[in-house]
Amino acid sequence: MDDLLRELVRHYKYVIYALLMVIGLYAIIAKGHLVKKIIGLNLLQTAVFLFYLSIGRVKGGTVPVLWEGDGAPVTPIYENPVPHVLMLTAIVVGVSTTAVALALVVRIHRAYGTVEEVEILAADEDEADEPTGDAGA
Amino acid sequence: MTLFGRPLAEIGPVVSMALCAGAVPLLVLFRKLPNLREATSLLVAVTNFALVLFLYDAWKRGVPIGTHIATLAPGFQLAFRADALGLLFALVASGLWILNTLYSIGYMRAHHEQHQTRFYACFALSIAAVMGAAFAKNAFTMFAAYEVLSLVTYPLVIHAQTPEARAGAKRYLTYLLGTSIGFQLPALFLVWHLGNGSLDFTTGGLLHGSTASAGLLTFTFVLYVAGLAKCAVMPFHGWLPAAMVAPTPVSALLHAVAVVKMGVFGVSRVVLDVFGTDTLSRIGANDILIGAACFTIVVASLIALAQDNLKRRLAYSTISQLSYVLLGVALLVPAGVTGGIAHIGAHAVSKITLFFAAGAIYVAVHKTKVSELDGLARRMPITMTAFAVGALAMIGLPPAATMISKDWLLKGAAAGPNVFVLVVLGTSALLNAAYFLPIVWRAFFKPLPEGAPTGRQEAPWPCVVALAATALLTIALFLFPDGLLHLAQEAAGYVATHGGGH
Amino acid sequence: MHEHLPVLVIVVPLMTALLIPLLSRFGGVRTAWTLVAAALGFSTYASWALLARVGQEGFVRYAMGGWLAPTGIEYVVDPLNAMVLVMVSSVGVLATLWMARGLAVDLAPERRSGYLTVFLLFVTGLMGITITGDVFNLYVFLEISSITSYVLIGMGRRRQALYAGYSYLIVGSIGATFILLGIGYLYQATGTLAMADLAERLPELFHQRNVLTAFAFVTVGLAVKMALFPLHGWQPSAYSQAPAGASIFLAATATKVSAYTLYRFVYTIYGPRFLIDVLPTARDLILVSACAGIVFGPLLALRQSDLKRLLAYSSVGQIGTIVLGVVLLDPAGTAGGILHMWNHAAAKGALFCVAGALAARTGGTRVKDLAGLGRRAPWTGATVTIAGLSMIGVPLTAGFQSKWLLATGALEAGMPLVVPVLLLSSLFTVIYVWRIGMLVWFAPDDVEPKVTSEVPWSMRIPGLVLAGLCLVLGVTSWAGTWAQAAAEALLR
Amino acid sequence: MSHHTPSPILRYVARPTVPFIQLYALYVLGHGEDGPGGGFQGGVIFAASIVLLALTEGWPYGRGQLKRGFTDALMPFGCLVYSGVGALCLLGGGAFLGYEALTTSLDPHVRNHMHHYGLMAIEAGVMITVTSSMLTLFFEMSRPEPGDPWELDEEDEAGGQHG
């Protein structure tokens, strides 16, 4: 138990990102509100961003900006910039996904008059029961 | 002779298939012009027969025939060649296709059948598949052709699209596809495995000298034969009577010649060129086939006795006669194999005559039952004479070709250890007589029913010409059996030179 | 210019997609369509040229910006992705041809040029996934194709399309995030993102926990994206609600590209030894879900009354068949799985063309509206028949060849139970193809066909070409040779 | 988003800062090659200046600075600049994004400069796209309409498909 706790504390970053991820997944699965699901998705993605950034961390490292010859006696230790760059891209991707998701939710709201999953499914089922000339759902 | 810069003999089989399949677009194109459509059909049939004759000639001169098309997977090739057995099958099918086309023209028009273009197109495709099987170089190519034949004959069987036709066609396809996917495909796999990655037909047997256990080999053999359900050996015969819902030309060519003969042809190939007589006699698996064939011969004849519907009676007679071929091949002695293979051709010409006659009766006087045929010979003398020739052929009496093949079969049976086969053959001949002679007797010697019209009323002339031709062919093959026997003996050549085991 | 083909194959459609919003102000949809057709035509040419080059040289490398991997991003073409590239671009061109007249089926005029832009980006994304040699770049392209596919699906005619698009977005994003996480673990373990470097460094680290975790996350993520059996829930609604033109392309290629990615991870990055020596459990798990998909996909398809849903469920089975090639880890089996990508793309593409034709003529895609189709639209009828036979795996059609390779591979890999599974799925497939065939050709004469005429030639040709391919690939060994070359390169 | 007139104090304080913010955005863009900064950051800052105008002068005024059709065209245009520069390198005979190919000179100094300009051009492309996307996001989300915030005009809906 003690060891486990120590492990957890030592790897607190992983604990945090795992927690965030689980919260995100929980929201996606358990929430019926379409926007809340999107928030869950964002939490999930953010957890992964944090994970990446924690990879790039170097103990005692500093901002990876070139120090030009000011006569510093030691070359500074840089943090690994690559994960940051990667996450910059991933964040853009995440924003785009969110944008598309929100756009879809707007349209869903207009088409169904609701953004609750249960109500949408019920509306679809009602429609399937009606003998319309349209394609079967 | 060359085509596309290659010897015609080499690509002959492929050309033959391409010719038959290539007729389809033309037939569809001419769908609004029935005369042109039927002329195309006939022309292709004749050309195809000429091509097969050319290949036969080339084979006799020892010119190499056949080519490799593609290797689909290691050991699985699409490849073609010609040998005696294949040529016999190809000659029979392509030759009778001409007469059958002629017959179809008369039958289909007199009947004002729907979907005639589909009918001719599928017919051409079926012949293409038969050519593919006949010239197959390996078990895989034969399997592919076998499957294609099942699929393209389905529209022919369901032709009328009535509920009965649907039910019959469903049964037809379920049996044929079910057995070929369920049994033949796994068997093919096992053979590929046992034959060290090869599926090529080999004189003397692909599995000749295989070290596999007798149990496994027997299992594979049984699986393979069960997968060739087109040979209609019991208990896989149910599709054949069901398929009788098809128009008569279909029943005639496909279910007396092409489809069922594909089955027995396949079994002959399996016995002679896949397992080989030596292997089979070593493991004794042929006894199973002999047993099944004997059972089928007798039981199918008994069932035929009870049928009043003429086409159904013919169907059960076919089931019975097909097992003669299986029996002959399974005897594994030269005479038996020769007889069995010769029976493929002999039975084809005579059974097609019977079907043609049955169809002609239906077209001319709309009778389908045996009990309605009283005195019909007076109204349809040519048809009924041809029918009588066919009936004699079924029994094995002169002047019919089947007498020759059955004679060889008897010799084969007498030569082997299974003497009880003689008894089976004798019983069967009696049973055949019992269900065919009454028909002939009714037609020729019973008076016409009261009040029936008495004038001559033959079917349309193309039908009559076709059935007369096949009847004459039956007699001709009795008088001049050399060509047929030569091919059959060639096919049985390995058995003859190496002895029949036992 | 030819040495730049690996990058041009992506850049040209990408730039064209960016040009469309600017240029379609002048000339509208027609301009947009012409641009899409031209760009995809070029990509198709380029991918065939790459295939030819791969045939001569074995593989082609291209370093972005002249930076060599691992510093820069590298594009690597080997027989496997050359094949996938050819598949994606060629089906893309055919789908575009279909759209020339087919856009009118289910899209309002003002939405069409936007739709075409998104479609082109989608194709570009899939090609990018295929060609890149860098795992993070792969993720970016994966997201490009995913986001565009959400939009495409959401543009369907009916309001259910919106919800289908949304559901796919949620599920797909979870999958993509898992993949991103897996890539993170790989980077953590090895410090590189280039596939070639990963392949070099991973074998020493096989037993590290993060390497194992990475495999788990990537596999599950990809399984979601490719709709592998228990994770296929999003796919039937997505396929059936997407606009007709998009669904042709989507069904024919999208999930296959994810399957390709799994091949890449299992064979190139981890190497076949990983599944055999380190994680045999994972191999069994994938095998089981693939087999379950192969059986249950067609079984579920039997119950569908909507043609596109039926086809979507059958895709679940076909994806299982493709994934089989991943776990068999045997030359024949791998080749079979790879070949099945092509074969299934041809068959499923053709079938969705027919579904599109059905939608164009009846306004819906109900299976029963196929009744009598063969009488009024024989070309479409022939398309559905041939493609259906190929789906079953009838000999002489493309489907047979790949299934056969898989069966032999399964025997050689010591998994004989796979063979009856394949047989069983073929038998189930026979049932629904039979049902469709009966409706198309043998409907009772008194039934008035709902489809009263053929669709225009531009909508018929794509289906016919794909159906023709089912036959051509079935009787030639050309595709099989490529698949075997690809399998050999992977297993080396 | 309320759109009653903001206080004059806000307006007169905010307006003069706008050009400085924009200049700073360009500075950040230019600084991007060898320090923190670049197209992303510059783009966001530039967009912020317009947002500031919209906040202080009202939505219509802000939107009026860069019209919907214009930003819609700018988004793909920026991307096009990016990939176009990459493709230009191809025309120059180099690799995609291999900026050295933009010059025929063999002088390493010049080639290095070419690299610099290439990067700059690409960053500018990024900036254009980021600015226009940010503005679209902002203006679409804050579209002032009484009642249901989700409702859009028909014409906007049609235009909305270009994104």
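A, B, C and D label the chains in the order they appear, each numbered from 1.
Assume a contact is a pair of C-beta atoms (placed from the backbone, for glycine too) under 8 Å apart; a residue touches a chain by one contact, two chains touch by 3 or more.
From a predicted model like this one, the values you see are computed outputs, not experimental measurements.
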| item | value |
| --- | --- |
| Shortest chain-hopping distance from subunit A out to subunit B | 2 |
| Chain with minimal offset from the mean of all protein Cα atoms | C |
| Geometric centre distance via CA averages, subunit D-subunit C, whole Å | 36 |
| Between subunit C and subunit B, distance of the C-alpha-averaged centres to the nearest whole Å | 44 |
| Distance from the mean Cα position of subunit D to that of subunit A, given in whole angstrom | 25 |
| Chain centre separation (subunit B, subunit D; CA means) in Å | 79 |
| For subunit D, residues contacting two or more additional chains | none |
| Touching residues (chain side subunit C, partner subunit A) in the complex | 136, 139-140, 143, 146-147, 150-151, 154, 158-160, 162-163, 165-166, 169-170, 173-174, 177, 180-181, 184, 187-188, 193, 240, 305-306, 308-309, 359, 363-366 |
| Residues of subunit B that touch subunit C when the two form their complex | 28, 69-74, 76, 78, 114, 118, 140, 143-144, 147-148, 151, 155, 158, 161, 166, 173, 177, 181-182, 185-186, 189, 192-193 |
| Interfacial residue positions of subunit C with respect to subunit D in the complex | 1, 4, 7-8, 11, 14-15, 17-22, 25, 62-66, 110-111, 113-115, 117 |
| Of all residues in subunit D, those that touch subunit C in their complex | 72-73, 75-77, 79-80, 83-84, 86-87, 89-90, 94-100, 158, 161-163 |
| Partner subunit B, residues of subunit C touching it in the complex | 332, 378, 389, 394-396, 400-401, 404-405, 407-408, 411, 419, 423, 426-427, 430, 434, 438, 441-442, 444-445, 474-477, 480 |
